[in-house]
Every structure is written in structure tokens, then in C-alpha cells.
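Below, each structure is written out as C-alpha cells.
The following pair of complexes shares a single chain, chain A, combined with chain B in the former and chain C in the latter.
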Partner chain A sequence: MSENKDQSRQVDPKLLEFLVCPLTHGTLRYDREAQELISDQAKLAYPIRDGIPIMLPYEARQLDDD
Partner chain B sequence: MNGPQFDQITVFDREQVRRNRDRAAPGFDDVDFLVRESADRLTDRLRDIARLFPAALDLGCRTGLLSDFVTGMNGIQTLIQADLSPGMAARADRGDRPAVAADEEWLPFAEESFDLVLSNLSLHWVNDLPGALIQINRALKADGLFLGAMLGGETLKELRDVMALAEVELRDGLSPRISPFADLRDAGALMQRAGFALPVIDSDTITVTYGNPLTLMQELRKMGEGNAVAERSRRPLGRDILMRAAELYAERYAGPDGRVPATFEIIYLHGWAPHETQQKPLRPGSARNRLAAALGAEEQSAGEKPNGT
Partner chain C sequence: MATDSIESNGGKTASFGFQDVAPEEKPSLVQGVFESVAGRYDLMNDLMSGGVHRLWKSALIDRLKPRPSMHLLDVAGGTGDIAFRFMEAGGGKVSVCDLTEGMVRVGRDRAIDHGILSKVDWLVGDAQGLPLADRSVDAYTIAFGLRNVTDIDAALAEARRVLKPGGHFLCLEFSHVVLPVLDDIYDTYSFRVLPALGQAVANDRESYQYLVESIRMFPDQKTLAAKMADAGLARADWQNLSGGIAAIHSGWRV
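Up next is the complex of A and B:
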């Protein structure tokens, strides 16, 4: 899904500087299109909903190996 | 579900804690008095510390009311707010104070990134409190401050008492209905185990009165503080127990005006991420003056000495 998000609901770039993957403590990749924060190490994508990153391991989408 | 599996000893059902808080989020302002009072007291403690904390985190922010108190204080420039409940995090988001949904047991923050971590009445739902404190310590820069308020062991002692009585009376045993809270005497040891330097612990009691015990129970649920003890579902709480507990509560605790008190103990935790400039105890044997000389007393041998010296 790549619907255009309201500008005010974008995640705060300042916040992204503080965030790491809660499982691996590795860095996260910001996927602006999908509104997800991706942990390549953990193969998990954490959703960003209305500008709020949901950094809960059990809420994350599992990425397939390919 | 094909998400990661988490195996650990669990007292609390964290999913339930999150659901309770998500449900409480929209109407929380009507029942935020306890959290607000505690935030106010925590803010007083922060004000007393003559230090600047450019980057701060509020862990367990609920609707963001602590951030409203501390904004502009102690040189805070960036304030990140985190709550287990996405619903609460959405309410806390203030634009200049961004919010994130984060689990205290799985902190998503880079090491040494904050000068200050605040936590207001949230750590009582954490299964691994030492682990959470260690993670908080890691998220702090060297010489950063952790200042937290946590519900302590005296909290809801009246309710705990009458629920136990009612259940023993009407059933053949006890189920955990009310969250176990950390004791004041454990808190200092916990802070030390988590590697905090110069830990200071103190506590306060807030007594709130209610028209009747059922209002208290209702309000706890509205606050998102309903039962989330993992074992709770083995034996559901029957209406008969609830009504008997309410009766006993009024019998044993009601004041002359018929209102009933509920005790909340708040434990304040205060500790620093270690840094070499902090004061430390001296090395044993490093004293330069004799104690006897300082006291103006004559030193007397206690008898045998090690190594014949």
C-alpha cells in the first residue's frame, strides 16, 4: 500500500535517530513507501501507524527469505 | 501466528496489559488523577536536580501528561515518549514530542542515547523488572539519570485483603486478582543489580477515597489497571466474590462518611548510569588518618592481628 499520507502524520525524523530493533539492537531501515521500519537482521518489519512506530516484536511483519 | 516466540516466566500477561491500556486510552483523562499526582511529584524531584538533560525519554507515557509537566525544564530539548499501548502513544504524540509504541521488556532504543529516562507508574506491569532496569541503564548516556515512580507493595492493600477473604469464604482457594507490587526494600537492591550508581529510593503514600468499593474497581479498569496477572484466567472472578468483597471492604475500611479509602504506595527510583567522575567509596586501606586521631581517642589493640603485623 502506498497511499499518500498526510504530511503531519509522517514519522518524526528526530525519533528515528533513537530507534533500533528491540530484538537485535541492530539498525533499522526506513521504508517510506510502506511506512515500515525494517530490521534486516531480525527479518522483521515494524509498522508505522499515523506517524507512530509500533516497535513491538509481536506486532511486526515477518519478512520472507529471498 | 508466525511471529517470534517468547519463552520466559511470566507473572503478567503483557498482551492483556496492552489491551487494558488501549481500551483506557480514549477516556483516560477522566481517571488520570493518580497518574497526574505522581507525575507532579516526579516533576518536583526532577526540578531539584541542578543538571541539564538535552535528550529525554518518558517510558510508559500514557496520554503524555508527564511531558506536559516537564517540557522546558532542565534543558530538555528532545523528549521521546513511549508506551506499550499504541492507543496511548497516539494520544501522547504532541508533534514536538514524538511518541512510539514500545515494550519495557524489549526497549527499541539505541545504547547511550538519552541523558534522562523518566517513568511514571508503568513498571509495575513488567515481568522482568531487573531486565527492564538494565535496558534503561543501557539506553542512558554515561552519567545519565533514571528517575522513575513505581507502584509499591502497599498499593491497594485494602482491596487485596477483602478479595482474598471473599474468595476463601466462597471458594476453596485463592487466585491472584491483584498485581503483586515490588517492595520498597527490594527496590534499592534492584537498582544496584541493574548497575545504577548512587541509587536513592524513597516512597510516598496517596490515599484516595471512593463512594463505594465497586466504584474503585470500575475506576481501576478505566485507568487501564485491570487485572493482567497471567494466571487470572484459570478461575474467572465470579460476581458473588466481587459483591462479597465490596461488602467486606465497606465493613472493614469505610470511614464515618461511608466512603472507602484505597492506598497507593509510590516508590521513587533515582539512579545514575555509571561514569568515572561520580563519587565512589574509597578503596579499603586507603585512609590517610587514623580514626582514633580524629576521635581524639587512644587506640587499643583488639588482640590478634592477621599476618602477625
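Up next is the complex of A and C:
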């Protein structure tokens, strides 16, 4: 996958108007660097793979308490 | 049969085709089937239904009546079949949500070919725990997806949750044949011809065997309409297609 193609597959910010954490239904933060959608309430980071948000709790990264 | 899984699960099992499995096992088994068939899924649908699935999907879009202000959530529509038809029929925006990443990738790559990438969001998510806010979409469709869901009642409740008041729920699914002669022919076709076809075309008899069995385990027209009503979807009704081989169920969030 080329760099250019990856950039064209960025997540549309409008998505965050209705996309929520499936566990808490809380809003998500978009971490552009890490390509993750972060649910602060659930302490989960949902991966965005190749521009596709993977909104499955069992695919998400656990965030450490701090 | 399958008493081990019943004991380990406090009596609860889910159907995976004709097998009983623990409910928590079903999603990964279903994902396995669809990862396995993703690349040839649309070709197989054409072969399996003799192309009739195209007419059924058109009937679904007719019932939906797309308009430019309409935001559709299409669940289990990974390869984009409903999404593309909706956009071509004048729909405004569609979010596709499918449990299987491989299916979503096929759809997203097709969207690039169609040149309509900006109007379609592609998401991986579970029909029983949708990643959408309450009251966020005008319409919800699920075509040939609901029978693969572990807990149909949970999926219907989620559909109602994400629909705006006045929003339309539509389900296209294989159903129960209502014509006496057709049901014998269909039995022979689905249990003998289809798995062989799956073997020949996709080299994957087991996945297509699952598809056939899962159709038989799915609730009939009246039972599904009752489940919709229980989930708070109003004016639940259905329309049989091809003698009940498939049916479109319709309901509304009021």
C-alpha cells in the first residue's frame, strides 16, 4: 500500500458526528497519528485499518489507567 | 447433541446452521464463513439465485424510496450491493457496517471503482452493538444478514435505537416458501445443488452448507414480524418474494 493511498483513506471527520463507542454510546476522539478512535469512558482505542474503523470491542486496544 | 456446549453455558446455545454452538462462538464462526467467501461472494449470489437476488434487492430499494436527504445505515452490507443501489436511486448518504473486515474491504474497493467514495462510510461493527449514536439515521437496511446474527432480538433493538423517529427499518432475508410444489423443488436445490455449487465455484462446500442450513433455522415471516413488534418497530409487515424464498420485512420507529 503506497503512502498516497493511505492518506486518501483518512477517516472523514463528519463520521465522528454519529459514530460512537458501541459499549458506552459515548463520543470518540480521533487520534490521527495512531489511526485510532478513542473511547475515554470505555478506555478502549478502536483501530482504523486502511481507513476502515474497526468498531469491535474485542479488536480494540486497552488503554492504561493514568 | 452438543450437550457439552449446553452444560458449559448455563443452557444457552446459538444455532450455527444446524449445529448448536455456544453463543460467544457464533460471531467468529460466521466471520470465518464470510472471510472465506468474501472474494467470490457476489459471484456466488448470482449463481445461487440465478441472478434473482438482483431483483429482490431492487424491490428493497423501491420500498425504501431513497431521497437526497436520506442517511441510510446498511448493516451486513459489506460488499456494497445495497449501498451502491441506494446511491444510484438518489439516496443522500450511506454508512455500511459489517462484522467482517474482508467483506468491507471488497465493498470499499468497489466504491473507489464506482467513484462514489465520499458518500459512503465503511465500518466494521456488530449488528448487536452498533457504533452509531441514538436516533442518528433515517433508514436501516439489512439484506441477507439478520440470519447470521446470534441474537436477532438484540439486533432489532439496536436498529430501533439508531433510527430517528419516523425512520424506516427494512430487512431482506431468505424466508419460508409458501407454495406447496415450490418448497420440494427448493429443498432439493438448496440441500443438494447449492453446497456442490459452492464446492465447484468457491472450493468451499462447508461455508455454503452453512448458508443453506442457516436459512432453514431463520424464523418464518410471521415470527419475524412479531419479533420486530416486540422490539418496538411499529406497523411491522412483510412482502413475499418469489413465493417466499425471500421476504422483505418493513417496520418504523414512531
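Annotations
Please note the rule applied: the second predicted complex is superposed on the first by the 61 of 66 C-alpha atoms of A that agree within 3 Å, B and C clash if a C-alpha of one lies under 4 Å from a C-alpha of the other, contacts with A are read in each partner's own complex, and residues count from 1 in each chain.
Going forward, a contact is a pair of C-beta atoms (placed from the backbone, for glycine too) under 8 Å apart; a residue touches a chain by one contact, two chains touch by 3 or more.
Quantities reported herein were computed from a predicted structural model and do not represent experimental measurements.
With the C-alpha superposition on chain A as described, chain C and chain B clash in the combined arrangement.
In the superposition on chain A, A:52 contacts both chain B and chain C.
Touched residues of chain A were counted for both chain B and chain C, and B has more of them. With both structures placed on the common chain, the touch criterion links A:62 to chain B but leaves chain C unconnected. Residues 12, 15, 18-23, 25, 46, 49-57, 59 of chain A are contacted both by chain B in one complex and by chain C in the other. Contact residues of chain C toward chain A in the complex are 95, 97, 99, 101, 104-105, 108, 118, 121-126, 129-134, 136-137. Residues 2-4, 6, 15, 18, 55, 57, 78, 80, 84, 86, 89-90, 93, 95, 98-103, 106-111, 113-114 of chain B are the ones touching chain A in the complex. The touching residues of chain A, counted against chain C in their complex, run 12, 15, 18-23, 25, 46, 49-57, 59. Listing the residues of chain A that touch chain B in their complex gives 8, 11-12, 14-15, 17-23, 25, 42, 44, 46, 49-60, 62.
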